[in-house]
Amino acid sequence: MIHLTQPGTLFQDQYVTRASELLQKWQGEGVHSYGLIGVPLAKTSISHSGAHLAPAAFRQSLSGFTTYATESGCDLQRERIIDFGDIAMHATDVIESHKRIKDTLYELLQKNEKLFPIIIGGDHSVSYPAIAAFQQARGKTAVIQFDAHCDVRNLHDGGVTNGTPFRKLLEEKHIEGDYLYQVGIRNFVNSEAYIHYVKQAGVRMVTMEHVTAVGIQNVMQNILHEVEQKADHLYVSLDMDVLDQAYAPGCPAAAPGGMSSSVLIEALSLITRSPLFSGIDLVEVDPTVDFRSMTSKLSAYMVLSVLEKRIR
Amino acid sequence: MIHLTQPGTLFQDQYVTRASELLQKWQGEGVHSYGLIGVPLAKTSISHSGAHLAPAAFRQSLSGFTTYATESGCDLQRERIIDFGDIAMHATDVIESHKRIKDTLYELLQKNEKLFPIIIGGDHSVSYPAIAAFQQARGKTAVIQFDAHCDVRNLHDGGVTNGTPFRKLLEEKHIEGDYLYQVGIRNFVNSEAYIHYVKQAGVRMVTMEHVTAVGIQNVMQNILHEVEQKADHLYVSLDMDVLDQAYAPGCPAAAPGGMSSSVLIEALSLITRSPLFSGIDLVEVDPTVDFRSMTSKLSAYMVLSVLEKRIR
Amino acid sequence: MIHLTQPGTLFQDQYVTRASELLQKWQGEGVHSYGLIGVPLAKTSISHSGAHLAPAAFRQSLSGFTTYATESGCDLQRERIIDFGDIAMHATDVIESHKRIKDTLYELLQKNEKLFPIIIGGDHSVSYPAIAAFQQARGKTAVIQFDAHCDVRNLHDGGVTNGTPFRKLLEEKHIEGDYLYQVGIRNFVNSEAYIHYVKQAGVRMVTMEHVTAVGIQNVMQNILHEVEQKADHLYVSLDMDVLDQAYAPGCPAAAPGGMSSSVLIEALSLITRSPLFSGIDLVEVDPTVDFRSMTSKLSAYMVLSVLEKRIR
Amino acid sequence: MIHLTQPGTLFQDQYVTRASELLQKWQGEGVHSYGLIGVPLAKTSISHSGAHLAPAAFRQSLSGFTTYATESGCDLQRERIIDFGDIAMHATDVIESHKRIKDTLYELLQKNEKLFPIIIGGDHSVSYPAIAAFQQARGKTAVIQFDAHCDVRNLHDGGVTNGTPFRKLLEEKHIEGDYLYQVGIRNFVNSEAYIHYVKQAGVRMVTMEHVTAVGIQNVMQNILHEVEQKADHLYVSLDMDVLDQAYAPGCPAAAPGGMSSSVLIEALSLITRSPLFSGIDLVEVDPTVDFRSMTSKLSAYMVLSVLEKRIR
Amino acid sequence: MIHLTQPGTLFQDQYVTRASELLQKWQGEGVHSYGLIGVPLAKTSISHSGAHLAPAAFRQSLSGFTTYATESGCDLQRERIIDFGDIAMHATDVIESHKRIKDTLYELLQKNEKLFPIIIGGDHSVSYPAIAAFQQARGKTAVIQFDAHCDVRNLHDGGVTNGTPFRKLLEEKHIEGDYLYQVGIRNFVNSEAYIHYVKQAGVRMVTMEHVTAVGIQNVMQNILHEVEQKADHLYVSLDMDVLDQAYAPGCPAAAPGGMSSSVLIEALSLITRSPLFSGIDLVEVDPTVDFRSMTSKLSAYMVLSVLEKRIR
Amino acid sequence: MIHLTQPGTLFQDQYVTRASELLQKWQGEGVHSYGLIGVPLAKTSISHSGAHLAPAAFRQSLSGFTTYATESGCDLQRERIIDFGDIAMHATDVIESHKRIKDTLYELLQKNEKLFPIIIGGDHSVSYPAIAAFQQARGKTAVIQFDAHCDVRNLHDGGVTNGTPFRKLLEEKHIEGDYLYQVGIRNFVNSEAYIHYVKQAGVRMVTMEHVTAVGIQNVMQNILHEVEQKADHLYVSLDMDVLDQAYAPGCPAAAPGGMSSSVLIEALSLITRSPLFSGIDLVEVDPTVDFRSMTSKLSAYMVLSVLEKRIR
């Protein structure tokens, strides 16, 4: 008698659906649901980063979760996530890589009006072509950027990097200043010139100190109120380093003074109630410096929580 | 002049009592106090686990603590913990190992009516023979299980594992469903079928989302109120993965969305006030993947806190 | 324009064939060439072992090599390795797991007379059902066991473990003592009783000290000369801990005093010249304690070298 | 064309000032501002400690922060920190090393009345000569010691160590008992004899349990109220192990049950409002056991926060 | 009395000269001796590499060695190594980075005829601009490349990377095929197409298998004999992955089957006798994945050995 | 039925004697055989060292070996090693610690004429009081020091450290220069002044380069021939950093260019034939930076090999 399994399948419980089973390989068909798109780009990072390995770590982490939420009773099995694979990056030419990101996402978003993209970076530079494509394909978009950093560095000193996505988006008019909400901006990791820049540009910037002082609920309610009055779409750009280093040790720029994971989950939970919410990216997870995949697991858990709260 | 010490004794302060000194090697005598029993079994784990090394790590961690609680002024020196050693496991036969656990604990508990067992796993499978023995030796027992998972998997797919202890206890009638309280059950690590199973079985299941919403104090007061009306004994089964991965990184199933250590300590503190509380196990600590023994140290700290609160 | 790749494919050079491409998923057809069979079993290990993760690590390591040997000019692209996947292990019942190994291998070997099995453990216990099945399906087989240890422990103290495969094979008459060649047996990791046992049983045992004294070439030539006079088949059981810990740091029983990797490669090279050589297992690699997958990479390199030398 | 940079300068943004740029190498001039003084001493530690490497790690961590606080708009560029380098330690003679600490600090403090010393240990033993020198050079000083431990061990069992700084200070009358405030003293890491000792000595001791019960704000307001009525100066001795192990994993005595980093930052923030606050030491960070320099980064962040709050 | 040292100077023995003291910061003067030039470029790497951190690790490793060779009695104190610092890399534009390498080296080599460059990569891509500049500034150059890989990948699949330096050098005619000697080329890490390519191009390629068979002494004597008959200069390009993974665990492409460090040292020792030898690069050390800086220390030791053998 | 074992005893094979069982706790009796004496001192180390943890790691490593040598058939069970425990070190006063080492060893050696001491450091500084005591108790002693370093630093710069043991022994006339044999002295880790010093002092110094050139057998035969003509006793001081870093990664000063483990074992094997050989120390193993206890295991294996060769 022959007992063989797929390589690597060490144990399977017939009554358990792994969250990774939600992923369905794209066969070229039209997509009306969630779509997972990996963007394995980290050569745009200023510091040494293995964030291009995050899409693989994210998919792997999904297999550590089930599809079921115990309190609400929601089972994500009703949902489908089409896995488009990873966007093919050039080995060294980052301008070409950005172009491929924008072209690929634009075409996917335009051909699939109901596609809700879940974009897994890579470093934060990928949000520049991603948001540009989203805005161009879908129309008037507000962006909530969770981040310790403003990411509006000058382009002269290092070209296009993970320090410049929102500078590029603002300068090339892909997005107006007052359609960008930056939440969790921290002390001692930004500079006066760039805070001045975002204020001049009309960006809605909320410091971590302010979040602590007034509470995440107030912060988010005010933002969502504004967004719903002016935008057609809401896109979330989630730089995992908005979290404190104790919760997200695997970010290249992990540092103290950030959010706890429960505060960030509450923020996302409030966002899911908005009907405008139609796209998200998660960036800046470097699996090579993580501890026991904690940060990858947390990013997978965030995405599952978003899916469940949108169903409720 | 000869200056020799026991091997490995690098420094000793004469005014400090190490918590490890509370341990007294069992000489076969009757025991009327706390008894430490190691259960080095991890081959029952579904995933790769070094939890069989936890009893040694627990004892080692005790030596990093003193016996004194500063705020209350309690000194645990008045207490005695008899160290029964570890239950001898078979190298590969897990059914035989479970039998040895049950036989050994039953005989110890039956011969020592006042023995308060502190059982250090091992993985969670050890709670099946442990609770069965406890119930058989002592009578009507309510169990509070702190856990991210229900642990009621079907027995067909993998036999008796760390995913099945409460399934076995319920099916073999060692415990009625409404005598089992599961606290901290989390999203995306359980499946619909098993949540359905525990609800059908009458198990009192409290999700982590509910704990966050109403507070641990309310949760525990309700549970203790119920328990005191129906049971003769209260046993706590503490799976350390009920904690968030930031606090307990050394659990095989460490994941986000769990309790902080202070919430768990508060829960245990409330439990110690109940006169029914008469046994505990701590399971699912894998020293081989821990960081600086943080999770082992936390489990030792939990036990010391329980002892101190019971004296007060 | 859409630029998508398979998840995880970060770079591909069109003129390079990865050794992992030699693997072809088995579709149930008859197999007349090499067959890769993973045996993810480590719960039979006496010490804590993650060797069940070695088949996955082995396949992963193949992707780090190409198919081409520069000196000989052989390209393994002409070869095919059918990947049968992993034999499905029971979660806890090791006797059942051994039965599945034997049944599966027996059926595969019997139905496929020309199949050259490449069996990737798992710990060394898997060689007991593997060699039993091989001998039963193929006939009179000599075994060369590269190992620091004799692996003939008594069965009473721990049942069937990675310390007993050759004891079981001898006692159950799957193999006669003088058909077993143990090479690389080391000082201070075996005991007098067991060396006595193998000598009594007529096993040809060659110590590491002897290998160093007379040279691996002499040792192997003598063995191969004997084997070719009495056996119909030659099977190699390669416990990677025959290597010195500097070369194979990822073995559970890594220790000093062993072979260098070049000596072992020379030994295998000599074996490949024998027309009787028709099966091999590689065991005792624990990827969870390895450094930069060195030991997994070395085991993959060994297999590729064997394939190339057989072509020459 | 030549493109050369200082070794190790991988990227520089012209609009960003690194906090490490605040450091100016001391040229022997009079100093009226902050002064950084490294004290690389860890051979006084009871347990194995690499805390002598903390000054280098602290300076390195500063280079990971900027000088700008986003909420307040303060830019520390207006501040100057004179870097005096490290005090030269004897390779083995710790009494000589303590003497050098005291002599060096005394002379620096006496010659520079306005110097605000920021002393980076080393282990906690360095606070004994440091506070002695501070008190002698500046006059009537209250000390707030953040610590899990009282550090008043007897001097007989191990001589002068990181367990004795406050014992020495009290016994040699460098400081009266009621001028010493110990905050965060924890259960099971102190002993009855030493708690008795500090109470007898009139030390104001606040347990971690009390901090949790009444809140850090109340605790600090009471302390500061008392201090301002009796002392001329306020010195903070910050043992990073007052923090919970989840926030400060790199302390030799990292343990559960401690402060979160936000609670400690709030405490320091309240202290900075006191005009008496005129010196600080940070001790007990061991970079060799830290994870991703988290604890070093947190200590740098603490110092920057103190500087910013004092400007406001 | 003040005892201060430079930050980080933990101990200094007055009779010991650290090899790092040989480094003298370049002040713009003409250089007639050795020159150290860091090239911190790793974004050209196909796989994830931290090799841009190798120049800093190399300088740090020098401080772990002295200047004295015990057997020969040579003291390198008579030598001077001018440290030119690192060539400034662009954050993302690798073509620009290569241009800066070539321009910088060309200008330095041309203005300093007697400069012996010691170029510390970075990944192997840096040898393309480095050797081009060397050849252009100095004339007819033979190159001995120690490497497990040929590094002549096609340029279409990934552009200019660490897999293409010698392809570029050959195609752009910076060097003729028969002036390139590749030593240590290994099985299963190259492909047939590229071996074919180098043979067609007239490259002198020596496999690792051949080195083992005939001995490094024979190999090098033949090469040096040829070189001295046709070239004006001899440049060594040392990819540390020519070494076996047991000796150089910190190379991105660390693999089994390579040279021992003593064989490589012997090869370099023979090269130093040639009067044509006038430049070297060391590449492919990734300090972020090394163990205890072993590979960085070995590269520093190699350079010191070269210096000493040239004096003899 | 009760199944209890000693804590931590996970498996026991009745036919195997662990080498750790050779250790018998000293009960104050006279000792005529081997004696193990731990010397947990590392605060004398110039660089950061955890070598004081080596005695515990050594004993632990013994438990990973058996007592039986396969080739010779010797079983060490006939031998007895009395474990005297560790010499009690002062927490900070290293002069006092050295005094305790000397006093303790002197008294043990003098009272036990036939005691063969096996002294486990600690760093190399312990050999100063150890050899002084040996010489004083036993008489005219030749010392073979295996080491990469001469260890004769001046005493002014750092007092008595692990860089000075042989300086102290020579200066205080505990040993004449021509009774000291230093083997394996390496390039670039010593300085001219100190090589000059040892030559002036008449020390027999053999460089690693010389060992490689003439072979370890020749080196040792010459030394042993000399020793046997002038000395009454032969003592071996084995600094494990004489080994190459690939074989002994856990030494604080691990570096390239050293001996392979098989060369060192051959050297020790030759020494055991000398009837004068009557004491040994093993030093400079730091378990906190080792990989998988490789260096501790190698030191245990060395001691077992010495015992076995002496029996033969």
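Structure notes:
Chains: A, B, C, D, E and F, in written order; residue numbering restarts at 1 for each.
Here is the rule we go by: contacts are C-beta pairs under 8 Å (C-beta built on N, C-alpha and C of every residue); 3 or more make two chains touch, one makes a residue touch a chain.
Just so it is clear, the model here is predicted, and its values are computed rather than measured.
Under the contact definition, chain B and chain C share the contacting chains A, F. Looking at chain D and chain F, the chains in contact with each of them are B, E.
Centroid distances built from C-alpha atoms place D farthest away from chain C.
Although chain A and chain E share one sequence, what matters here is the overlap of their interface residues, and that overlap exceeds half of the numbers used.
Chain C and chain E have Cα centroids lying 38 Å from one another. For the pair chain A and chain C, the distance between mean C-alpha positions equals 44 Å. Centroids of chain C and chain D (each the mean of its C-alpha atoms) stand 57 Å apart. The set of chain B residues touching two or more other chains comprises 10-11, 46, 52, 91, 157-158, 246, 291. All chain pairs in contact, by the document's touch criterion: A-B, A-C, A-D, A-E, B-C, B-D, B-F, C-E, C-F, D-E, D-F, E-F. The touching residues of chain A, when paired with chain D in their complex, are 46-47, 153-154, 156-158, 163, 185-195, 205, 207-210, 212, 244-246, 249, 254-257, 289, 291. Chain F makes touch with chain B in their complex at residues 1-11, 26, 38, 40, 52, 55-56, 59, 83-89, 91, 100, 103-104, 107-108.
The part of chain A that touches chain E in the complex is made up of residues 42-44, 46, 48, 50, 52-53, 90-94, 157-161, 288. Across the interface of their complex, chain F is touched by residues 10-17, 19, 64-73, 75, 246-247, 261-262, 265, 291-292, 294, 297-298, 301, 304-305, 308 of chain E.
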